[in-house]
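Structures given as structure tokens follow.
In what comes next, chain A is part of two complexes: it sits with chain B in the first one and with chain C in the second one.
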Partner chain A sequence: MTYLTDVSALARKDLKIELRARDTLPAMLLFVLSTLVVFHFALPAESASDAAYGLLWVAIVFTALLGLSRAWVPEHEHGVLDGLILAPCDRSAIWLGKTLATLAFLLAAQVVALPAFALFFASLDVTAVAGVVLADVGICVVGSLLAAMAAASRARELLLPLLVLPLSIPLIVGGVGAAISPDGERYLLFLALYDAVFAVLSWASFEYVVTE
Partner chain B sequence: MGVAIFLALLVAPEDSDQGISQRIFYIHVPIALTAYFCFGLGAWKALRLLVRGEERHDLESYVAIHQGTIFGVLTLVTGSIWAKASWGHWWLWSEDQLVLFLVLFLFYCAYFMLRFSLEEGPRRARSSAVYALFGVVLIPVSFLAIRLAEGLIHPTVFTRDGPQMSASMFATFCVAWAAVTLLAYVLYRVELVGKRLDADLHELREILR
Partner chain C sequence: MIRARALEKRYGRKRVFAGIDLDLPADGFLVVTGANGSGKTTLLRVLTGLASATRGELRVEADRGRIGHLAHEPLVYRELSALENLDLFGRLYRVPERRERIGMLLERFGLWEARNERVAAYSRGMLQRLALCRTLLHDPDLLVLDEPFSALDEEGAALLDRELAELAGNRAFVVSTHDPARLAPLSTARLALT
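This part shows the complex of A and B:
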């Protein structure tokens, strides 16, 4: 039970910081909206709605990258991470807390982005929305670990997209499939499998990434 | 070593009855299998590093992945040439092995970027090891994804007769495979020795300073 308490305390800390400083979520919201507007002009006027679904996924992945690149900044700026590692809690709880907080930001951005997409481009059904949610989980699970790696490197924000994008290709396949394929459940199952596999892997390996 | 490859190349033409383009099969497939093997080896060494904490596995893992990437690029090139020769296109998105290798190529390039932008030390070793493990999990996952996507974008999967190999062709294939694996192993050892020498020299210089 203490594990869950630790996780929720860490996640709440991130949410509280965000509520007070408001430097990540508004940026993500504005970014995803302006990306959708840019895509409207980038697409030829008579193009099929299938193409628009693809662009929705580009917008989602880049918005997630924007959020992830800020994820560990507060920890590094004030040396909080060293304190957290020394704290008497399981290290993977730090990862889980960060994942939950990032996921909350991303879902909040999605709450605005998906209706906007439905308004501007094409309608979304339940399977498509479920695909978005599952892919968000996958991106946050992998991304919060990789962001911790990237934050320790010299290249910082530059490195994160390079690390995350190849790993997110299966998620995009699954997400686009869930939106446009007649049997979307198969893709949802695939996304759930991806989430489960990488969640276990990240959960187990986080400790190795942050300890000196 | 060189003799083995030479033999494989010499033996191959005599039983290639599907025209000249078939010959590249003896090079392409063994290279691809070797690349997988190198990535697997890299991940295995990475796992050993994480579990046991032995420093030497870091370099071994890195060298194996370096070799795997080189062989992966060779796979892309030879596969592309083969695709051009038999289907008339340099690149086919429906050819899932090629797409998989492209994804892996991007992934392992990112591995090198990660490695070279971290400070040297145990933390770099562990971070690279974790990323290498992600890579080996990514192989089956993206293979599955590409298979799924293929059904989506190309309803008619590119059908091609499986390599109906006669005994002599299979023997040639095995020789070629053994040769490429041996080549990979020799390159692996050479690079490992080189890097170790480099590290030793570096250490010595630090001491002498």
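This part shows the complex of A and C:
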């Protein structure tokens, strides 16, 4: 119970900071919308809708990267991460709180991105939307851990995409598969499995990532 | 409280410090001195557990939740107020009667009037006072203070003098400073890094 209280306090703190600073969410919204608009004009009118689903995933992954690159900035300003690491709470609570806050921002971006995609390209069924949500969870689970690693480096802007993109490939495969395959449920299962495996790995390894 | 033998820290080939032996009792007050770049901050980070030693033996008897660490940075969120910052850390550090304790510290360090202002609007001196509140919030058994007088005005420094004098003797202190004379009345041991 104390663990969940810690996670909730840490996630609420991130939401409060974002509500005040407005550093991340407006940038994510603007980016995903402008990317979809660019693709709308770049993609020939006679293109298959399958190609459009692929572009949706390009927009989603890069929007997530934008959010992840900002995720640990408040902790690195004024060295707050040290204060959190020294607290007697379970250190994985810091990761989980950050993951939930980043997921909230990404889901908020999707609330705008998915209707815009339906407007410009093709409609999305329930399986496709479920695929997006499950992939969002996966990106945030892995991305929050990797962003914490990258944030400690001077080349964090360069390092983060290099770390996140290879691990996002299974999520893109699952997400596109859920949208276009007649057997979309199998891809949802695959995404759920990915989320579960990487959630456990990230939860267990966060402590080693944040200590020197 | 702290026992160290032949403690050494390296970053790659660069040796930060080496051959440090320490015995600090639970009521000891260790003053660490040394020029800029001599490894004072790194030594303090090793003692708090934020960094690990490359070689040597280190035993710190306080759990990490019983350590109060004042760093060069204030370790508080810029977009939150002093009250919100201390409330968050109070929760995470399991401070009993959190609100009363926070109120008392803010009052004592002269930040009560500014408690609802965002920390981003604080001066450097106010940030240092807030950092001291955060450090003392959970009434730690081991206080590791990295140049605690930096950025404090005369009034703030006098306040800190009084706090240290009140707390010394019933908990362990490791304090790095460029002004060891100021801490001489409290100090029970001294370590000079070269």
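Here, the second predicted complex is superposed on the first by the 212 of 212 C-alpha atoms of A that agree within 3 Å, B and C clash if a C-alpha of one lies under 4 Å from a C-alpha of the other, contacts with A are read in each partner's own complex, and residues count from 1 in each chain.
Basically, a contact is a pair of C-beta atoms (placed from the backbone, for glycine too) under 8 Å apart; a residue touches a chain by one contact, two chains touch by 3 or more.
Just so we're clear, the structure is a prediction, and the values are computed from it rather than from any experiment.
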Do chain B and chain C fit side by side on chain A after the overlay, or clash? fit
May I ask you to name which of chain B and chain C touches more residues of chain A? B
Check the residue A:Gly54 against both partner chains and state whether it touches chain B (first), chain C (second), both, or neither. neither
Of the two partner chains, chain B (first) and chain C (second), which one does A:Glu212 touch, if any: first, second, both, or neither? both
Which holds for A:Met149: it touches chain B only (first), chain C only (second), both, or neither? first
Could you look at A:Pro74 and tell me whether it touches chain B, chain C, both or neither (first, second, both, neither)? second
Once both complexes are placed on the shared chain, angle at chain A toward chain B and chain C, C-alpha, multiple of 10 degrees: 90
Closest Cα approach between chain B and chain C after superposing, in Å? 5
Going through chain A, the residues touched by chain B and also by chain C turn out to be 211-212
Residues of chain A touching chain B in the complex: 142, 145-146, 149-150, 152-155, 159, 162-163, 165-167, 169-170, 173-174, 176-177, 180-181, 186-187, 190, 193-194, 197-198, 201, 205, 208-209, 211-212
Help me check something: in the complex, which residues belonging to chain B touch chain A? 50, 103-104, 106-107, 109-110, 113-114, 117-119, 122-123, 126-127, 129-131, 133-134, 137-138, 141-142, 144-146, 148-149, 152
In the complex of these two chains, what residues of chain A are touching chain C? 5-6, 9-10, 13, 16-17, 20-21, 74, 77-80, 82-89, 211-212
How about chain C: which of its residues touch chain A in the complex? 45, 48-52, 63-65, 67, 69, 71-80, 84, 88-89, 91-94, 118-119, 127, 134
